[in-house]
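Across the two complexes that follow, subunit A remains constant while its partner is subunit B and subsequently subunit C.
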Partner chain A sequence: MTALSRTWGRLTLPGKIVFTLIPLLAVLTAGLIAFIIVLGGPIWDLILANLWFIRFLVAATIILVITIPIAFLNIYLEMKVIALMNLRVGPDRVGPWGSLLSVVHGLKVLIKEDFTPTGADSIVFTWAPVVTYGAAVMTLLVIPFAPGMAGQDFNIGLLYFFAVGGMGVVGLLMGGWSSFNKYSLLGGLRSAAQIISYEIPLTLSVVGLLILAGTMSLNQIVMQQSGWFTDWYVFRQPLGFVIFFIAATAEANRTPFDLTEADSEIVAGFATEYSGMRFGFFFFAEYVNVFIMSALTVVLFLGGWNAPFDIDALVNVLNGVVGAVIPSFHIATPFSIALDPGSLGIPLLFVIGLAPLIGTLVLAAPFYLVRSSMRWWVALIIGFVLFNVVAGGLTFAWAYVSFDWVAGLVWFMAKTFAFVFLFVWMRGTLPRVRIDQLMGFAWKWLLPAALLNLFVTAAAVVIVGS
Partner chain B sequence: MSLVPGLGLVRGMALTLRRFFEPKATIRYPEVQADIPPKFRGRLQLLYDEYGTLKCETCFQCAQACPIECIDMGGMDTKGRFHVHWGAAETYGERREESALRRSGRTVPDPAYDHFEGVDVGPVDDILETFDHDPAHLLPILEATQAHYGYLPVGALKRISQVTGTWYAQIYGTASFYGHLRFEPPTVTAQATAISERRPDEAAFLASLGASLTGRPGGDA
Partner chain C sequence: MTTTAGPHQHASADDPRVMLDDQIGAFEPIPPYPPRTEREAEFYTLGDGEMFLNMGPQHPSTHGVLRVVLKLDGEKVVDLDPVLGYLHRGVEKLCENADYHQVISQVDPLEYISSLFCEWSPVMAFEKLLDVEVPRRAEYIRVLSGELNRIASHALFMGWFALDLGGLTPILWSFIERDEIVEMLAALTGQRMLFNYFRIGGVNGDLNHDFMSRLGDWMSRATGQIESNLTLLNENEIFVRRARGLGVIDTETALSMCMSGPNLRATGSPFDVRRAHPYSIYPELDFDIPTRSEGDSLARYLLRMEEIKQSLRIIDQCLHQMPDSPIMAKLPRLLRPRPGRAYAAIEGPRGQYATYAISDGTDQPFRMRIHDPSFIHLQSVGLLMKNNLIADTMAVMASLDPVMGGVDK
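Up next is the complex of A and B:
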């Protein structure tokens, strides 16, 4: 016993942690295996019987968790892009190109004091950020990321989106009211006034699109826009797109409509009394909202996951042109690359083990042979990097042509983050509007324009239809 | 306002996008050192030893070595005496007096101007004439100057420096090396007279005050 305690005393702190964790993990793993062996069958049956519910749970969990990296990425983009536009370098210390700084920000917010002011309605005060964040996350549930990749494919998806998205205002009002602070209350009311005012043109601007689409399911709307990029709704509803984009900027509290928390001018608005992670949740919600608004713009007007070109038509043209010269030339669509690595059996392990080695050597050899002054290890590093690029590119190309959802996700994310970049770009450029300009713009310009768009679309549909 | 609405927005966005790709102005300090001129020595300051006394011994080597004569060592205290010292501007006597006057709203006299230009430098020119403007005879020149003024006024030293082309620091060094040369009037009375000459309003007030009291200057009632 003394020997054991002496050995324990000699361990460093990491050693103590590791030696505690190892038996714990072993016991847990053994328990899990035993659990699966004994109760696995019934549980599996239960899962199969309630597959739709399990599927919903998994989707909801993934949606909830995925907001965190999305928010981190948005915060990082905001810091870096605005810095570059200001001729600064921006974050460059933590992680590659400072990309982990937003994670550090998140940790910092987590360890800050979470303060509730005296006299605040503590229940409402606590739940306000939850409601705001929850509204943001719940709207993400109906966004179709890729073919078959949507939390839920409602047939009233767009209605659900606006209904739940409007709940974010409730959170802001809750936060403003419960803080027991005049500034918070005024800030909350101002935010509510802004967001509710802009909700009207936002909703009206898509009604014309709904008349054309004939469905509220976001999945259906995206599928209607497949083909060439000229099939996107932005070319059939240009006015609607402009109104939607402006209103979405105001909805997401972005410059030039970020009066909700005009950080350089006023007290922090509804978030005056918030600190620590509650404040962090408000801001997480804001950055998630930026992503969601970009995603919705892309889904409604820019073809969602569809590529801007029709690959089948392109391949047909290619077949026609080249086929006229070489009669045997033909590319079949959709592409399928028959890869069956399992057929290799045990040698597959050798292939996996040796491919990086051989690839690195093969790619390093030309550099080493052509330039005599190059050190062998420099050539090896170049070879390794090249191998990674080539292998990653090949894997990506294979996944792109083999899986619909990979291609869809790539296009969707590319378009969405182009819009996120646009939002950040606008923040780096445009000055903030005044509150009366903000409200006047919504009621005097955007609302009539949205109504005009709606009437023109409806009339056009009637005329063309009759 | 432009003819096309929204053109300003587009131009602003184009500007920021151009900035996005331009080279950045930031210098990453620990990795990249700024390009400093080779003669740059940072901030000039006098150091104190562990007993809190100034390490500077007023040897004037720094003033002599300074290629553009930007180093000067001097200032005046509240009694109008010239002292060689160096510190923050507020620690100088005349700065304290000056700032007090400025706060009270009265006009601020320039004692430095009085001090340097107040002496009549005509005799100095005569003395220099006899010594043929030769700085090699600096000691006789200084002795003659002191014989005429009773001490070595700063204005006279400046005049010698200006006419002969010798560094003021060199003249000051020579003068401060010899014990029989002095920079102040030999007696306190002379010094007090010099001060009251420099402040005519005060002297007149004191004289009138004394006259109204007992007839003696300053009074003793």
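Up next is the complex of A and C:
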């Protein structure tokens, strides 16, 4: 108990608030659910009448919450991948392969002292990270993760994304100005200049795509790219894709455009005076931004949650080829595995009860029989682990085929994290550009190229006809 | 414990024991005394739209504890004022109070990246004072270990320079190179960093099996390893565009600023003490003095990388021509040179290391003056950094490759 109270005493105010609120919210939610179940009737009617609002609240909450594991994952990925590129080991102490290190980092920033320097404008100083983080989370609302899995499907989704995403720079500027530090000020001004300059090619590069798509709804844009990977917009807008990716790197403040926090020049830029959870918010926002920029690139140009192949077409080809030899062979499309556990009845219980046992024994037997030095319990553990891997794999395969959203989520996350890896790779490889080179590149190269892309697309649409 | 507030201080709200400055101007890097020189008065007066920025002594990339006060107009550096002395230990005075053998351990940590060269020039000066002949095997071992240390220093330079331009990876790759060399020198000398290996009249220990096996192992793959490190930077468009044309200096200015070593050779002047004023066994060895004509940061970087290859050639020749002889000259335990003065200069990885020693007949040097290239090169920082952007100031300084231990002495 003493250790617990000592730990509690070390927490700063935000830490105490967080550690009080989370259990409190959990208890309140459980109570609310119990209350609804017990009283039922009129409350259900109220919920059903306001379903859209409840749905929005739930989506917003989920999106706010999933930013944390996303940021943790990105931070771990960055630490580990850059370490391997630097020929280091990287994190390997906390959790398997150090994978829990970013969780520990998260707890650490909660416990650290939250310091406000003398002369700082404390209100602006406190709200700056909130604005940056809020902007990052709010942009995530329109990203379609899977079929039917988007916070909100606005018909002006892309416009919303750019409008809200541009708000993040306000937070950086606030933090830079209010810190009362010249390094922070330089960092804030750099970020303002950089992000406003790169907003323009970023937005212009997708206008060509919008002409082709005819909609600003991100969900619609993804659905237009279904089928084979050749239908992705990256093959119809290659120049737009390149411009978008470069500008997105600058928007996310990543190497080689990470001038706002260039440690060899201006210490840590706008975040120089920040510590504790306020720094944590900036840090999280940066990594959430990396994820969001990757996700938007995937949604716009790489087919979002679509698989790169058309499974129905593949099944039809299979039907055609095999059907020519065996006339009775036919797999129905859309392809799915029907599984009705209820039809099995009582034997299902035996299957559930016995399958792990039999599976474990069957998978353990070869290890025990082939290696004479192996203890029986070691073989059993190996068999159990293997059985879990096999059963998990089978369950995953079944879910992938049966549910659209599982398949969609898998492809979306795979593509997005491929782009996150690309960002990390660039960070491990490239030095930083200078501020005049950065500005020159945006205005002299990216902007004309984006305009060229727009004109060529518009001319092609007029000539060929949409 | 309670603290009383000073005249312009107040107690912090969080902790009354902590005294905070009342005036916001207290954070400005302006010295607390009236200007002593015209230059100070001119520098510490702000023009329209200008501000001061205090870079260092605790900045992440000042290569030690150098403090540079920058006068900025936006991102552009209008003027600057380097402030030295944060690492001053009075090494020259310490040397004058130590006997001739102890001097070697005093000068070791001057340029801690290339300690052997710090030892070499005082040892040579004392040998001139004492008029001793160093055995040939000792000279070969000195050249061999010195050139290894030169490679370690240049390899580390590559990493630091890239780090100041924002590259994360080269520093760690170059540390691998340095670590292998430092480990083999540790096998030879017993220390990783401050070797304390050269002695007046020879060296401390003979080549041993551990050192030779490590050296052979490393030599067999050194060229390829260094080449692969270089491809990371030399073919990188961002790196080359930032380093080219940055901090240009011509030969006349460089000579008038007393530059030497790679920084001078990058301007086109082929001055190298190993050839211009030959010492040790360098006249017998076959190696080139690479020069470049551009005089910018990229030239200084590429020249150092070229010197690594020349050092590998020298090491190869040393290993093939190594004679068999004692490694120490016969000398008394207590050294009392005749009164006189001696000057010895050698070519280190940063330029000309030199020692001027005066003996008054006792067992301690009467006066010992150390000429350190880092200190000399830092005086041209004002010329090179001016009118650059903030981002380039530290890169320019890194391209001169100073080590603050040697600057402040």
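Throughout what follows, the second predicted complex is superposed on the first by the 403 of 466 C-alpha atoms of A that agree within 3 Å, B and C clash if a C-alpha of one lies under 4 Å from a C-alpha of the other, contacts with A are read in each partner's own complex, and residues count from 1 in each chain.
Note that a contact is a pair of C-beta atoms (placed from the backbone, for glycine too) under 8 Å apart; a residue touches a chain by one contact, two chains touch by 3 or more.
Bear in mind that the values here come from a model prediction, so they are computed numbers and not experimental data.
S.K.: Looking at the overlay, what does A:V267 touch: subunit B (first), subunit C (second), both, or neither?
M.R.: Touch status of A:V267: second partner only.
S.K.: Is A:V89 contacted by the first partner subunit B, the second partner subunit C, both or neither?
M.R.: Only subunit B; A:V89 stays clear of subunit C.
S.K.: Go through the superposed model and pick first if A:V81 touches only subunit B, second if only subunit C, both, or neither.
M.R.: First partner only, subunit B.
S.K.: Looking at the overlay, does A:I17 come into contact with subunit B only (first), subunit C only (second), both, or neither?
M.R.: neither
S.K.: What is the contact status of A:L259 with respect to subunit B (first) and subunit C (second): first, second, both, or neither?
M.R.: Second partner only.
S.K.: Check whether A:A26 is in contact with subunit B, with subunit C, with both or with neither, and answer first, second, both or neither.
M.R.: After superposing on A, A:A26 lies clear of both subunit B and subunit C.
S.K.: Output check: A:M426 vs subunit B and subunit C. Expected answer is one of first, second, both, neither. What do you get?
M.R.: So A:M426 only meets subunit B here.
S.K.: Based on the superposed arrangement, let me know which partner A:Q437 touches: subunit B (first), subunit C (second), both, or neither?
M.R.: second
S.K.: In the superposed arrangement, does subunit B or subunit C reach more residues of subunit A?
M.R.: Touching more residues of subunit A than the other partner does is C.
S.K.: Could you tell me which stretches of subunit A are touched by subunit B in one complex and by subunit C in the other?
M.R.: 85-88, 428-430
S.K.: For a test of understanding, state which residues of subunit A touch subunit B in their complex under the given definition.
M.R.: 81, 84-89, 92, 425-426, 428-430
S.K.: State the interface residues of subunit C toward subunit A in the complex, per the touch definition above.
M.R.: Answer in residue numbers: 12, 20-21, 24, 27, 51-53, 59-61, 75, 162-169, 172-173, 176, 232, 236, 238-239, 241-242, 389-392, 394-395.
S.K.: Using the touch rule from the top, collect the residues of subunit B that touch subunit A in their complex.
M.R.: 9, 12-13, 15-17, 19-20, 22, 24-26, 28
S.K.: Give every residue of subunit A touching subunit C within the complex, in rising order.
M.R.: Interface residues on subunit A, with respect to subunit C: 82, 85-88, 118-119, 180, 182-183, 186, 190, 255-256, 258-259, 262-267, 427-437.
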